[in-house]
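Please go over the structures that come below.
There are two complexes below, and they share chain A, which is joined by chain B in the first and by chain C in the second.
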Partner chain A sequence: MTFLETTLFVIAIYIVLVLVRVILGPTIWDRLLGLNAISAKIIMSIIILSLITGQSYLLDVALVYALLGFISTVLIARFIEKKGDIS
Partner chain B sequence: MIEDIFLITLVILAIIALNTKKLRRAVVYLGVFSLVSSFVYLLYGAPDVAIAEAIIGSTITTVLYLVALRKYKVFSIYYTNDSNFQDIRLLKSESPFLYNLETFLVKREMEPQIIYSREPIETVLAQEKFDLAIHHTDQDIWIYGCAEDYQFDAVEDYLLTNHGDLNLHLMRCAEGEDNEA
Partner chain C sequence: MIDFLAYLLIVIALIFMSLGVIGLFRFKDFYSRILISSKIETVGFLTIMIGFIILSGLSYAAMKILLITILVMITNPLSTHAIARSAFLSGYTINQETRL
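On to the complex of A and B.
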């Protein structure tokens, strides 16, 4: 395994570890933070995948993720904080 | 190797999202599911599908699910008491407590649905899916609700300010018992 593949593997293990927090997490806020952390790690692994395969258009996918990934987190947090009122 | 990790993760997430009891949690699980699944699309060499999944799956469906959760408004109340069966309308005119509670819920744009149950309260708590269970004895009123239900917080505030003279006992079930949303 090259260095990049090892990095991707380690990030995959991190995703599994955060997933444990998402599944077990006692409150909804733990799950939400887990969702946010997984989204960050997916962006990292997309970039590493693009370096491994040498296809630069995969970076566009990472860009779309980074721009849109926060929306779901913000909306769920707002939904819970405002007690069901998201407007 | 890496594909295996992500595919197993996907299966676990899908099963958990189906089996969860709270709808808010299912929304979070589905968000993680669509994130991981779009990365799997990338691993199998389909970046256009991955972009579509990123936009539609993790953003728009989350918003849609939250809006749908907001519209989920039917509020079921189980009512038991020690005396014999009475007509539910008679019951409401007899105890202004129940009538006021219903009016309060209608004001909060809920649809209260009062179910009179002849079972003892333990059976109702164990078997039925309720938002609020009321057990009315001669002196005391026991009210059971879910600890995480935010509607129950509002009901508690209302009852304690307006019906403080009654002997109210508000009980909160632990997390993960049979309540939804």
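On to the complex of A and C.
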């Protein structure tokens, strides 16, 4: 097991622990915070995977994932803030 | 030697992220949790990405990782702010009986 594979394994453990917080969280904002944290950790995982396999196109996937995670978090936060009134 | 520096930065970033995950379970209040999570996530992300840039050398991939780093440095505090603003404007208040 090389160093980068060990790093990937540790980040996977962190994702599972944050997922426990998402399932267990009392309010909906805790779950949204967990979504944000998991999104950042998945970006790191994709970049580590790109460094292990040496394929450079996976970085584009990470870039798109960063943009989609940001847009989804802001959209759900505004949706809850206006109590479901889209207008 | 330069690889050792990158490995050291990645290990420091993993320690930062573990502190953030512990803080998500340690604190009993939502505002404390969002404070510790946003700070520690941003610092951990910056440190681990500097480690990856050093590890991949001066190449095309390093510039792309730098672009992702700058993007996440801008968007991560904005999304955390949107969550906290949503909780505050929806009327979420701190329960006074919860202890840290």
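We take it that the second predicted complex is superposed on the first by the 85 of 87 C-alpha atoms of A that agree within 3 Å, B and C clash if a C-alpha of one lies under 4 Å from a C-alpha of the other, contacts with A are read in each partner's own complex, and residues count from 1 in each chain.
In this text, a residue touches a chain if its C-beta (ideal position, glycine included) is under 8 Å from a C-beta of that chain, and two chains touch if they have at least 3 such contacts.
Values in this document were obtained by computation on a predicted structure and should not be read as measured data.
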Which superposed partner A:42 touches (first chain B, second chain C, both, neither)
first
A:8 contacts which: chain B (first), chain C (second), both, neither?
first
According to the stated criteria, A:19 is in contact with first (chain B), second (chain C), both, or neither; which is it?
first
Please work out whether A:31 is in contact with chain B alone, chain C alone, both, or neither, and reply first, second, both or neither.
first
Between chain B and chain C, whom does A:80 touch in the aligned arrangement: first, second, both, or neither?
both
Using the superposition on chain A described above, determine whether A:64 touches chain B (first), chain C (second), both, or neither.
first
Show which residues of chain A both chain B and chain C reach, each in its own complex.
26, 32, 34, 60, 69, 80, 83
In the complex, chain A touches chain B at residues 5, 8-9, 12-13, 15-16, 19, 22-23, 26, 28, 31-32, 34-35, 38-39, 42, 45-46, 49, 55, 57-58, 60-61, 64-65, 68-69, 71-72, 75-76, 79-80, 83-86
Contacting residues of chain A [partner chain C, same complex]
3, 7, 10-11, 14, 17-18, 21, 26-27, 29-30, 32-34, 36-37, 40-41, 43-44, 47-48, 50-51, 56, 59-60, 62-63, 66-67, 69-70, 73-74, 77-78, 80-81, 83
Chain B residues touching chain A in their complex are 1-2, 5-6, 9, 12-13, 16, 24-25, 27-29, 31-32, 35-36, 38-39, 42-43, 47, 50-51, 54-55, 58-59, 62-63, 66-67, 69-70, 148, 150, 153, 175
Give the list of chain C residues in touch with chain A in this complex.
7, 10, 14, 17-18, 20-21, 24-25, 30, 33-34, 37, 41, 45, 48-49, 52, 55-56, 60-61, 64-65, 67-68, 71-72, 75-76, 78-80, 82-83, 85-87, 89-90, 92
